[in-house]
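What follows is a set of structures for review.
Shared between the two complexes below is subunit A, which pairs with subunit B and subunit C, respectively.
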Partner chain A sequence: MGIDEIIKKCEHLYNDLDFGYVKAWKEKTGGKAIGYMPVYIPQEIIHAAGALPVGIMGGGSNLEIIKGDAYFQSYICHIPRSTIEMGISGKLDVMDGMIFPAICDVIRNLSGMWQMLFKNKYVKYLDLPQNFDPEIGGAFYRYEIEDILSHVSQITGKKVSPEDLKHSITLYNENRKAIKSLYDLRAEVPHKIPTSEVYLLLRAGNILEVTEHTALMAQYMTEVKKRDIKPQDNIKVAINGAFCEQPPLGLIKALESSGCYIVEDDWVLGVRYIQEPVATNKDPISGLVDAYLTKSVSTASKYEDKKEKGEYLINSVKETGAEGVIFCMPSFCDPALLERPMLAAALTKAGISYTSFKYAENTGQFRTFKEQTGTFADSIKLWGGV
Partner chain B sequence: MKLDCFVGIDLGSTTTKSIYLDENENIIGRGITNSRSNYDIACQVAKEEAEISSRFTLLERKLEADATLAAIKGTLLPWLTSKYRHANHLTQLNALKLECANEVAKRDDNEFSAVAVPMLDDVFKILEAESQDLFRPNVGARSDFFRDIAASGFLQAVEKLVQNNPKLLDRMIGIFDKAILVVEGKSYANAFSQYIKYATEETVALPQFKSFAGQIREATNYAANVTFNALNTIGTGYGRQRLPFPKEQIRSEILCHGLGAHYMFPKTTTVLDIGGQDTKAIQIDGRGIVTNFQMNDRCAAGCGRYLGYIADEMNMGVHELGPLAQKSTLSVKINSTCTVFAGTELRERLSMGEKREDILAGLHRSMILRAMSLLARSGGIFDEFTFTGGVAKNPAAVAALKKLVEENYGERVLNISPDSIFTGALGAAIFAKRGYLNEMEKINLEAISKKEQKQMDAF
Partner chain C sequence: MENNKEAVKENSMILQKDMIADHFHNLAQAKENGKKVVYTFVPGNLNELIWAFDMLPVHPEINALQSAMRKKSAAFVLEAEKSGHSEDVCTYVKCDVGMMKRGNIGPTGEKLPEPDLLLLSYTGCFTFMKWFELLKQEYKCPVVMLHVPYQAEGSISGAMVDYVVKQLEEKVIPVMEEISGKKLDYDVLKSYLSASNRAENDLVSVWNSARSKPSPIDAYFGGVYYIGPIFSAFRGLAQCEDYYRTLREEIDERVRLKLGPITPDGAEVKEKYRLVVEGPPNWTSFREFWKMFYDEGAVVVSSTYTKVGGLYDQGFRHSPENPLESMAEYCLGCYTNHNLPSRVDLIEKYIKDFDADGFVINSIKSCNSFSAGQLMMMREIESRTGRAGGFIESDLVDPRYFSAANIKNRLESYFQMIDAKKAGAS
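Showing the complex of A and B:
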């Protein structure tokens, strides 16, 4: 497959709100599918139990909301409206269960709605620990993992051995490694690797079976290295705040065309949530717990009392060589928007320029964003800062 | 002759509507006018328009009662109506001419006067001559409102006369803009007998009606001499608090739209009303009483004015949008939720070479999508479903609504009355009747209890 073909395939998966791939996968393998919302769930346990974990990132910009608005006030974000629209219109019937990880009150309440609306489906609110003491948060998280494992095993009818789980962890370790090398390569030669492509590849990972996705990434990497494109006079930026409700693809393209090379971002963050390989040399569940407690990213939906706010962002800016930060956050996103002033203060202290705007997954006008980020890029180019 | 009636007035953001209801709840008159900056006048004019329309209803009834006139009613009535409108129009033109002259005089600029005064003479000669053709049976005017007709005529005439003198053109338009405000601020509709007399004489002069002159005069005379006795009046609409009524005579527009829709289509359960600056989804019970409703809260994008803005952007009349959108074969998705941004998106898409009709179809759909969301919030769409308000007159909006309802709720009976714009006023008129009957009952009960009290005392 050439790059165009790879991207076309990813784009199809991204646009297909009827989950044709998942339906076909279920038919072919006789397996089950478990949907999950952003940001992070340990997909390894779903995989080990013989089900396909499917990331549900809202309905995007193509879904028309007919009834979904009726479930929410007007002053909350867009992703729960489109998700419930997909649910009640039957698009998510293909999922045999749904997992709602702790991210904010809106998604927590969405899990409650799901329980009321879809009584015969497995619905789990995964309360990810906000305490990182292995004896407290760790013990609690182990219990949550075991709980999901036993429920999904029941759904698939597959008894999961530690070896199964280790095998799944290994596959996901490989996938994470592939994603990491793509991100590293993009930071190095961003002119060769447009983020709109990287984004679509990540989104494909929400749907595709993990080995298939890893292979696709590898293919892309091989092909993209052959590209001969000269760098332009763009600035390098890091994107922050888009970890839950996703920006429309058009917005990502608009940012890139405004004179920014995106070298770091936090969209589809779940696939990069664990930053180092999960240990397979001990009890696999301990490995997953440990990975969450000690190897996961810093993001707004995680409470970390021992770390300085913004430290993680500043480090990633330095590592990727970004010249500025764009806070690109969904309207009404409590975690992202409450975090922003603290991050902004930390950036100011570190002498890193930033700009910020808000979007919704169905935003249709990109001109004002482009104007803003274009100005940001120009001012960095001209004066090295804003 | 005296005729008892009930009056409903709906003072909307764009238009003011009035309904006259007779004692048997038959609509006898409808009046509509643009709301202007002066609500009192808008209310008065709408009422007067409804009264004129009532007189025409009575005239029609009278014609029907006479066998020979009934036979020619089909051709006679349109002549009388258009001649009547013409008389009214001429009066307003005359008033406008005087006001324009006043405005010129106010400028105190001899040089300008020397040019403007004769020019105004010419302009109004043209306007008067043109008006002959505007008011004939079966001539569809671009607008029913004097302001619109006069403005486009005035502009065209002046543009020709000033001959490439933009400064003079500007000044002349300035004169018009001032003068029309004064003319709009007065009512010229109250001289029914004068206008109908003109209309009658003009009509009976036509060869086909000559032989019926006596009977026609008698019928129009009758219509002119009826006095209307409004037993009760109820006001509603966006500007209702401005109506010079006591609070007992004010009802919220949601209640009025619910009741009005119920009277138009008694099986109605769900009502969608898209007006100038708000959209309402209303659920009513079997008696027309509101059980649940939702309104647009933060923003008025997707209401009638949205179409008005788009029409301006495209240099079109608002009535022309729907028919053009219906020619579309490929609907474009409009994403912007803001009217102003939608305008930007529109221009961007036009510049990208997309077709006007396709973009318009997308705009209509995005407008109805917003209404769908309110409908869902109000509880859903149940049989029967009645669509009211000015936007119900737009065929593209109706088509988009039908499609989305069927796709998402299944088959529903969709009612749209040609009178849909009067729904609120109709509801108000029915409230007026109910209020009056309740009041009468209370008075009767009081009278009975007083009588009983007297009897008790006597005992």
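Showing the complex of A and C:
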């Protein structure tokens, strides 16, 4: 496959809110599918139990909301209403269960709505610990993982051995490695690797079976290295705050065409949540627990008592060579928007410029965003952002 | 008799007023007197533990609501927005941040001391975490996180209790020992827990009084005063016990005399509609809001907001038997830590137990914890109970989101709907 074909495939997966791939996969394998909301779940356990983990990131900009608005007040973000819309219109019937990880009160309450709406389906609120001591938060998280494992095993009818889980962890480690290489390469030669493509590749990872996704990424990497494109006089930026409700693809493209190379971001963060390989040399559940406790990213919904606020962002800005940060956050998103002043203060202290705006997943007009980030890019080019 | 009624009413109110004044006065002098100060949240608070270390608690939500009742919150919220906070986020946080930026003058006009510890009890709301992260930037004092898992399956598991107890033992208590310079004396803790237990019994009796017809209390607008001591700095203290004993006696007397609740103007409400209310009140126009109800003879017989600091009416009591487990169960059991199906069940139960004509949801712009899902809750409760549901929207402490005319209109049509239902039924 050439790049165009790869991206076309990803775009098809991205646009297909009827989850044709998932249906076909289930038919082919006789397996089950478990949907999950942002940001992170340990997909390995779903995979090991013989089910396909499917990342659901709302309905995006193409879904018409007919009933979803009757479920949420105007001052609540958009992703729960499009998710409900997909649920009640039958688009998510293909999922044999749904997992709602702890991220904010909206997703949390959505899990309860799901329990009421879909009484015969498996619904799990995954309470990710906010205590990172292995004996305390770790013990609790292990309990949560075992709980999911036993439920999904029941759904699939497959008993999971430690070897099965180790195998799944290995496959996801390979996937993480591939994603990391792609991100590293983008930071190095962003003119060759548009983020709109990276984004679609990542979104494909929400749907595709993991080995298929890893292979697709490898193919893309091989092809993209052959590209002969000259760098433009763009600035390099890091995006922050888009970890849950996603900006429309059109918005990502608009940012890129406003004179910015995106070299770091936090959208589709779940697939990059664990930053290092998960250990397979010990009891595999401990490996997953340890990965969450010690190898996961910093993000607004996770408590950190050790690190200074903004340290993680500043490091990633430095590592990727970004010259500024764009806070790109969903309207009404408490975690992201409350995090922003703290991150902004840390950036100011570190002498890093930023600009910020809010979006909704169904925002249709991108001109003002483009003007704003274009001006931001110009100011950095002219005055180093001062 | 009118005089008598006023006098009886006043005793508990005077007690509460004095307690609060004393507490803020002690806070103002805390540093001079070498007292350590703990900022913490109402839901899932560890008041008995704080007092066992002889520390003084401050509750930022209470400061925010007090600021709103004194019409100061608008300026505080704007101050926070000027400093980079989004208009979209919880206004309690912004009110507190704004108050801090303007000198941290508390509701009684005295300056609040800076915290020696931010005790982050993470019960029922994610925003709490962001709130104290923000304060941590300003105060540079230690923060201790107590992560309380959510009752996602509608019950408390052993793993959840263990998790909270372990955090208490290994994180919270050691930090408090270090800051206070004292070892935890479990006997002292137990005696506070016993006192809490007794006050809780009296509070439940007050809530249950609303089963009488007419109800002697308004369990929402009046209820927010009744929860004052036990949800804030005083649970576990002797004054708190006194307060609830006195309150209970006053209410028992009202039941005996078949009196309805009293409005802030001192008039008695003649009960026409019995309602259950879900959601926090608006504080910026609290009296005006209340008046919209009592002018129509609407009395709230039970409410969920008055359970954010403990669902005592459903049986929970602090217990000196297993102090840490008991505190863990308390944290796990606060209203907003219950999943949506449980919240629906509870409201349905209230409507039946208190024989309510209907229920009103006051949906708060600020508060995703309460608000996300309320429209669905309304439909579900209506269909289960056949009673009318009303839906209004406002905010806690941001007056820009209180539209009196709008709310009044909605309530008027709502009361007509109840009338129509009643007429249809008879």
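By definition in this document, the second predicted complex is superposed on the first by the 385 of 386 C-alpha atoms of A that agree within 3 Å, B and C clash if a C-alpha of one lies under 4 Å from a C-alpha of the other, contacts with A are read in each partner's own complex, and residues count from 1 in each chain.
Everything that follows uses one rule, which is that a contact is a pair of C-beta atoms (placed from the backbone, for glycine too) under 8 Å apart; a residue touches a chain by one contact, two chains touch by 3 or more.
Just so it is clear, the model here is predicted, and its values are computed rather than measured.
Undergrad: With the two structures overlaid on subunit A, would subunit B and subunit C clash, or do they fit side by side?
TA: fit
Undergrad: Just checking: does A:Asn362 make contact with subunit B only, subunit C only, both, or neither of them? Give me first, second, both or neither.
TA: A:Asn362 sits against subunit B, while subunit C stays out of touch.
Undergrad: See if subunit A has more residues touched by subunit B or by subunit C, and give me that chain.
TA: C
Undergrad: Mind working out whether A:Pro335 is in touch with subunit B, subunit C, both or neither, as first, second, both or neither?
TA: The second partner, subunit C, only.
Undergrad: With the two complexes superposed on chain A, say which partner A:Asp305 touches: subunit B (first), subunit C (second), both, or neither.
TA: After superposing on A, A:Asp305 lies in contact with subunit C but is clear of subunit B.
Undergrad: Classify the contacts of A:Ala70 with the two partner chains as first (subunit B alone), second (subunit C alone), both, or neither.
TA: Both partners.
Undergrad: Is A:Glu323 in contact with subunit B, with subunit C, with both, or with neither (first, second, both, neither)?
TA: neither
Undergrad: Between subunit B and subunit C, what opening angle does the Cα centre of subunit A see in the overlaid model, nearest 10 degrees?
TA: Seen from the centre of subunit A, the opening angle is 70 degrees.
Undergrad: Between subunit B and subunit C, whom does A:Glu209 touch in the aligned arrangement: first, second, both, or neither?
TA: Neither subunit B nor subunit C is touched by A:Glu209.
Undergrad: Per the contact definition in the header, classify A:Glu174: touching subunit B only (first), subunit C only (second), both, or neither.
TA: neither
Undergrad: Where does A:Asp290 make contact in the superposed view: on subunit B (first), on subunit C (second), on both, or on neither?
TA: Neither subunit B nor subunit C is touched by A:Asp290.
Undergrad: After superposition on the shared chain, which partner residues are touched by A:Asp164: those of subunit B (first), subunit C (second), both, or neither?
TA: neither
Undergrad: Can you give the closest approach of subunit B to subunit C, taken over C-alpha atoms and in whole Å, for the superposition?
TA: It comes out at 6 Å between the closest C-alpha atoms.
Undergrad: Where on subunit A do the contacts from subunit B and from subunit C line up?
TA: 70
Undergrad: What does subunit B use to touch subunit A in their complex?
TA: Residue positions touching the partner: 297-298, 333-336, 341, 344-345, 348, 369, 372-373, 376-377, 380, 404, 408.
Undergrad: So in the complex, the part of subunit A that touches subunit B is made up of which residues?
TA: Where subunit A meets subunit B, its residues are 61-62, 64-70, 74, 89, 362-365, 367.
Undergrad: For subunit A, which residues count as touching subunit C in their complex?
TA: 70-73, 75-76, 80, 102-106, 108-113, 115-116, 124-125, 127, 129-131, 133, 135-137, 139-140, 143, 300-301, 303, 305, 309, 331-335, 337-342, 344-345, 358
Undergrad: Which residues of subunit C touch subunit A in their complex?
TA: Touching subunit A from subunit C are residues 83-86, 88-90, 93, 122, 125-127, 129-131, 133-134, 137, 143, 145, 147, 149-150, 152, 159-160, 162-163, 166-167, 170-171, 339-341, 343-344, 363, 365, 368-369, 371-376, 380, 393.
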